[in-house]
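The block underneath contains the structure these notes are about, expressed in structure tokens.
We call the chains A, B and C, going by the order they appear; numbering starts again at 1 in every chain.
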Amino acid sequence: MPLVRIDALGADPGRLDALSRAVHEALVETLGIPDDDRFHILTGHDGAHGTLRYGDYLGIHRDEGIVYVVITMRSGRTPGQKQAMYRRIAELAHAYAGTDPRNVFVTVTENEPIDWSLGHGIAQYVTPPA
Amino acid sequence: MPLVRIDALGADPGRLDALSRAVHEALVETLGIPDDDRFHILTGHDGAHGTLRYGDYLGIHRDEGIVYVVITMRSGRTPGQKQAMYRRIAELAHAYAGTDPRNVFVTVTENEPIDWSLGHGIAQYVTPPA
Amino acid sequence: MPLVRIDALGADPGRLDALSRAVHEALVETLGIPDDDRFHILTGHDGAHGTLRYGDYLGIHRDEGIVYVVITMRSGRTPGQKQAMYRRIAELAHAYAGTDPRNVFVTVTENEPIDWSLGHGIAQYVTPPA
């Protein structure tokens, strides 16, 4: 169920794929989602049709290695789970894509079970159907 | 008011347009939004600058026909309205774009009236202005 | 902390940059965020790999100058702050990018301090770490 958007600079499909694997494995490990619960939108920005902007906010020096990870999921994860998730995303983004952890930016937006239809026009998390 | 993002694979403007019409008509029919209340961001991912990832989560076999529909709207719709909306999006995506209903993935994020400015720098849903 | 997505038609890097500066300065002025707290994802849609749809909802005539500004930030801003923010975004988009204020569409989604990791795998807004 988490829907993940990953935006990075450049147009290297291999790097986007590595980032996608890093985020997915981190979610499997720390949130306990199934391995086939992977829904990602990956975008590389090459400057011709868009780009990213970033600053050194909080004293963290970011550069063109910046990666934005935006996760939409149901509410209910604990603060500890989210913190473990952030830590593991940063670790695996480094391991798989060579991304420096200072460049890994993650934000989470939560919604409710009724807010998901994962195919067939059905709200699968709500039973019985209203 | 709903703001809709539709992400699909490929770069067929006709298909994106058909998906956009499908989602819009479904929202008009099931949420009762006006016909001119259409605000869509459509993106086709061709692999060069991004792509989509998906799994068979919940036993639903998805393939390269996958379509992600992300809807941001004010809170207040009932579960029944959302379920009707999912059903109609899937039906019309099939009718207009040939998309198999198993490939239609929808998620909703809600906010409040103060969270919208639809032009002229005004928060139109809040009256009188604070 | 606000994460901002800006989507416009065309593929003019200068225009996207001007819109980005407009939104950022408006947030600095009206929300009081630091100048280096700038995290933007900018996309120009040229029709080949996506586009935008828009209607004249609420009697506002929009055209190909449409700009979608989507802001994710922590909850806590007052209605008055948000209204000042919308006003200033519209003013500066006009001043910097020549965008007519009727074409400036903004929506806000809020989350909580635990929902942000701005680098290093840490949830910086939560102390001490859980």
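In this section, a contact is a pair of C-beta atoms (placed from the backbone, for glycine too) under 8 Å apart; a residue touches a chain by one contact, two chains touch by 3 or more.
Computed from a prediction, not measured in an experiment: that's the story for all the values here.
Visitor: Would you kindly state whether over half or under half of the residue numbers at the chain A/chain B interface are used by both copies, giving same or different?
Guide: different
Visitor: I'd like the angle of the rotation relating chain B and chain C after CA superposition, in degrees, nearest 5.
Guide: Superposing chain B on chain C takes a rotation of 120 degrees, nearest 5.
Visitor: Can you check how far apart chain A and chain B are, centre to centre, with Cα atoms defining each centre and the answer in Å?
Guide: Distance between chain centres, rounded to whole Å: 20 Å.
Visitor: Pull out every residue in chain B that's touching 2 or more other chains.
Guide: 43, 45, 49, 109
Visitor: Which residues of chain B touch chain C once you look at their complex with the stated criterion?
Guide: Touch list, chain B to chain C: 1, 3, 11, 13, 16, 20, 24, 34-46, 49, 72, 109, 111, 114-124, 126, 129-130.
Visitor: Of all residues in chain B, which touch chain A in the complex?
Guide: Checking each residue of chain B against chain A gives 7, 43, 45, 47-58, 60, 62, 68, 70, 78-80, 82-83, 86-91, 101-110.
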